[in-house]
Amino acid sequence: MARFAMVTDLRKCVACHACTASCNAEWDVPPSYARTHVKTTPLAGTFPELTSSPYVAQCNHCDHPPCVPACPSGATYQDAGGVVRVDAGVCIGCGFCVDACPYEARYVSPRTKKVDKCDFCAPRIARGEQPACVATCPAGAKHFGDLEDRDGEVHRIVFHEGARRIESDAVAVGPNVYYLGRPEHLDLVAKSFPPHAPRYPVAREAWKRLVKPLVLGVVGLSLVGQAVAFFNQLHKGEGDFDE
Amino acid sequence: MSSATPLAHIPLTPAPLTVEQAEAMLQRQIKKHHVAIILVHWFNAIVWLIELSTGLALISSPDLRLAPDWYLGMFTATFGSRANLLQFHIALGITWMVALLPYGLFGFRTYLRGEMLNVTDKDDIRWLIVRTLRILGKSDEPLPPQGIYNAGQKAYSLVVWGMVPVIMATGVIMAFRLFSPAVVGWAVVFHFFAVGMVVGGLVVHVYMGAVFPEEKPAFFSMITGMVHELYAYNHHFKWWREMKLAELEWEKKREHARVPQESAEGPKEAGGAVEKSPG
Amino acid sequence: MTSRISRRGFLGTAATLGAGAAALPAMASPKVHPPGWSGTSRVDEVATTCEMCFWRCGILASVADGKVLRVRGNPEHPQNQGRLCARGNAGTGLLYDPDRLKTPLLRTGERGEGQFKAVSWDEALDFLAGKLVEIRKKHGAESVAFFPHGNGARFFATLMRAYGTPNSAEPSFAQCRGPREVGYSLTFGKGLGSPEPVDLEESKLVVLIGSHLGENVFTSQINAFATGLSAGAKLITVDPRFSMAASKSDWWLPIRPGTDIALLLAWMNVLIGEGLYDKEYVASYAHGFDKLAAHVKEFTPEWAEAITEIPAAKVRETARAMGESKPAVAIHPGRHVTWYGDDTQRARAMAILTALLGSWGRKGGLFLPTPIEKGSFDLPDFPESKRGRADGAGERFPFAIEELGVTNGLIDATLSEKPYPIKGWIVYGQNILESIPQPSRTIEAIKKLDLMVVVDVLPVDQIKYADLVLPEATYLERYDPPTIVESAKRPFIAVRQPACEPLYESKPGWWIARELAKRLDLGAFFPWESPAEHLEKILAPAGVNAKQLLSCGAVSFPGKPYLEDRAPENRTFDTASGKIELYSQELADKGADPMPRYTPPVEPPKGFVRLIYGRAPMHSFARTQNNATLSGLMPENEVWLHPMAAKAAGVGHGERVVLENGDGVKSDPVKVFVTEGIRNDCAYLVHGFGQKTKALRRASGKGASDNGLMSRVNVDPLTGGTGMRVNFVRPVKA
């Protein structure tokens, strides 16, 4: 059992997009789409006392990922290492999971029409390699490892160096991408890019609140009706039919 | 030997029969279903059984699913993976579509006679009400006469004819992820809805066809294609009446051919119905 | 598993290549699974050198079935150790860019119409050789000018010298690093080279004068920068713009543009006045301290405040911080330094500051290069040029480095026909309409030519003006002379070798140069049969085995980066005094300021703001805007405007403006980025956008060109460097 996590050190990060480019190359992500998003916060403060911070967002492989239950077909699942993955063979491309993600980590590929997102480079970590973004980061700002490995770097950083999760009052799903940075920078990031409460498209809501009860009602009614009829039939006996 | 009914005339509405008449009718078989209908019916039944059960196994989201974990697990294990399960569901669905499309496109004129979908005449509506009350043990009133398919069957086929194109279209949209994810998202919902509506009717259809003793001949007719005349007389009187009138027509034509111009009245009775009050 | 075995032309002939490939055993599941890999065919990893910019990081190209599927950093390379920036990772986007030049093109219409027909290499090279012979006969060999850029140009450089012209100029001198090289060379006896030897990772305090590390990205430099910051280094950023580096700084000094020398002089004033400079170091190694001390006495922080708009207290504070952290203070020398025309003097000021802090050749400051011996071929003597250079290097620009040349000097000579007419240009590996300011002047000059040749990979804007276009193979398809980096703490030699066969009709530079040489009877200057042979010769003195190098990509040597690594008697400086020249007699002798002085820059007229420019981390110059991945990350540039400037122009964030400069030149419409992170007197653009040619489908028509707005330059009289931050623009709602 493992619990994979990532730490991005925003003190070192310069928002150079090497991680995005490496990820795009590694997983053949279509141009203009990305599994990881490099952003910079808006400026805070007044000239010349200005502040700003880079921020790298991606799938957080949350402790309680809202995307997993959102998926109707079970294409999205969480593996034994805590990595939230998408089985493309099961994905039907309905996009219900996309807005369910508080961190906007998912996208529907214009090529495959299926959902794609960061999976911590699952095939690479299975081969004992680091994720592509971690390996390529020029600033050495990313760390990756097993949170449950007490001797590991990530465990140390998260539990002893005060790495922070980006959560909000509305959304605390236990993201497993942590951030190091100056407190004022982390505050600014959390304020500028807060996770949003999971959102579901109207279609899904209609299914859940309208169609499913309706179908259950109709089928239930039929079943009940036939059960009563069957009971009567037994009660009456066969002989009463057809003189 | 004439195959004419022992009845001296053909009544407008069902009349009580003598024992001899009933016995004779019991022995006589009439063709109800063309072999194409039989094949399509069972093809549908089998495909539906499989697609419904695999489809249920494909919905895993906790707030949307209908089946428990062990059910999903069983199907996943059988097919090796959920991806295989989905592929199978899609492949069979498309096969079903391709097989039925000729039927739908070219056969509908033959098999989709207007009257078969019309459930609005007085007899049909009355039948629907009486049938329901009777089966629930709440009435003893006799059922109004019905055509080749009774109002219940017609109502169900309305549902099927309405929902199946939805199931097919939404299935294709999902299988090939057409248009946009938003469209695919709605397609899943409508697919589920349409299937649900059919299943609602299917429960009744299976009960009425396979469990309810009154309709036992109907079940066998879906295998042999034939029903005995008494069943037709009791359950599908209007159809029985049509058949009878057609028989008479045929008889007259045959008579006419054998006895050359003996009767001066011959032709004028062709196609006419002899209407006399019941004896 | 993967195989890092050399490939292709290295083994000499195609036949050998085939045999070599077949001799290697079939591979089991490889360690790397590049995208698009079939899962069954063999994956090779070819170790080579990136050229998405000119930092020369080591990369591994994953190749299967002759196709490069992925480029990643080479973990064994001493410079970047497996890390690689966004551009490097997008290398396959250049290799497989469908808009690439595919065949040699010969002009059919008028020059400037961009009408071409595809011709064979034979026809193209015959034409070129014929023209070169013609020009040499009519006007003399010096009449041909060469505009190179990049490692691959060296083969052409040999050819041009053999042909008989001394006129070769790289934009990296007069449009980029030139004044820096000269300024530091005058002070310390040698220039800085590339990569610049800044010991960021060991630094206690990093000072960036205009340098925007983090937006200007070089993999190993960012690594050293981040490592240093992480280890607790403090950071001072002097920049009119709140850059990424500024956001990490302990002090951001939003200096009034063009006044950096004033700040530097004031810092010297404080360091000397308060006795914070490295007294021992200066006493041991420097010459002219007393003169310097006297010189800077009047340049107080108060004096500087009035000029720079940086509070005097901050000037003192930052100077004292430097004094406290010395000698581990890294005054980053910058890279592109051609700003205002006084750039050599500004470089001198930075070099002097470095010396005062004792950080030249010291840990955490600037470290020293370690020489590596390289081999060379016995070539015939190059012909002597009787008429000498035409670009002014060594004359009009007394301190310009002749080996690097002055591009704008050549353009001047072409236009003026003085000292003699220039009738032919060969442009290699640069887009002169984007790299050299005053592009309309460049176009005027081209009109006077009998011959205009472009050797390039992409059909950039300039090919419209060419008579002949030769498609070179990309860095992933060709052999280039080995990369020899001495200015590193772990100096190394690295190889650039092909990962796959050249696509289309493209050819590597060595082939083009050699084939041309043969036609000009200059084959003797290319006395090697194959790149493998060329490589072996160069590596021999350093004792590096070519096969080994091809297999692992780079071989490093122990470095001697600090003065303390050398015996005291070897701590000398190649200057007239043999010491660090705080006071430069050389400059005085040529009538220039021996110690830097502040000269005020021209101010923008009312209603105008100064156009400043820089880099983005996902683009290199004007050469990556057509790359699928990189243009996806940044499809267009935006103009940074202060809220007041935006309001004055009546535009809001995200709306488009046309930038009109003081000479009436208008840019293409560009989106506005309203921010308090830039001074009210500036507008900022990322360089390389606003490309016009429709042949580059992704790049065409995106954003605005900064170079297009540079109708004015302030030429540095010492080096010929074209100061470009002297153009003023007015944003007009589009």
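Note that the chains are named A, B and C in the order they appear, and that numbering of residues resets to 1 at the start of each chain.
In this text, a contact is a pair of C-beta atoms (placed from the backbone, for glycine too) under 8 Å apart; a residue touches a chain by one contact, two chains touch by 3 or more.
This is a predicted model, so every value here is computed, not measured.
**Q** So how do the chains connect up here, line, ring, star, complete, or something else (other)?
**A** Graph shape here is a line: each chain touches the next, no loop.
**Q** Comparing chain centres built from Cα atoms against the global Cα centre, which chain wins on proximity?
**A** A
**Q** Counting only C-alpha atoms to place each centre, which chain is farthest from chain C?
**A** Measuring from the centre of chain C, the most distant chain centre belongs to B.
**Q** Taking each chain's centre as the mean of its CA atoms, how far is chain B from chain C in angstrom?
**A** The mean C-alpha positions of chain B and chain C differ by 81 Å.
**Q** Please compute the C-alpha centroid of chain A, do the same for chain C, then give the distance between them in whole Å.
**A** Each chain reduced to its C-alpha mean, chain A and chain C end up 42 Å apart.
**Q** State, to the nearest whole Å, the distance from the C-alpha centre of chain A to the C-alpha centre of chain B.
**A** Computed from C-alpha means, the inter-chain centre distance equals 48 Å.
**Q** If you look only at chain C, which of its residues touch chain A in the complex?
**A** Touching chain A: residues 31, 33-36, 70-73, 75, 80, 82-90, 92, 213-215, 217, 219-220, 222-223, 225-227, 229-230, 242, 244-248, 252, 254, 617-618, 628-633, 635, 675-677 of chain C.
**Q** In the complex of these two chains, what residues of chain B are touching chain A?
**A** Interface residues on chain B, with respect to chain A: 22, 58-64, 66, 72, 81-84, 86-87, 132, 135-137, 174, 177, 181-182, 184-189, 192-193, 196-197, 199-201, 203-204, 207, 211-214, 230-231, 234.
**Q** How about chain A: which of its residues touch chain C in the complex?
**A** 9, 11-18, 20-22, 24-28, 31-34, 40, 43, 46-48, 50-54, 123, 127, 129, 132, 135-141
**Q** Using the touch definition up top, name the residues of chain A that touch chain B in the complex.
**A** For this pair, the touching residues of chain A are 69-75, 87-90, 92-96, 98, 108, 112-114, 201, 203-204, 206-208, 211-212, 214-216, 218-219, 221-223, 225-226, 228-230, 232-233, 235-236, 238, 241-243.
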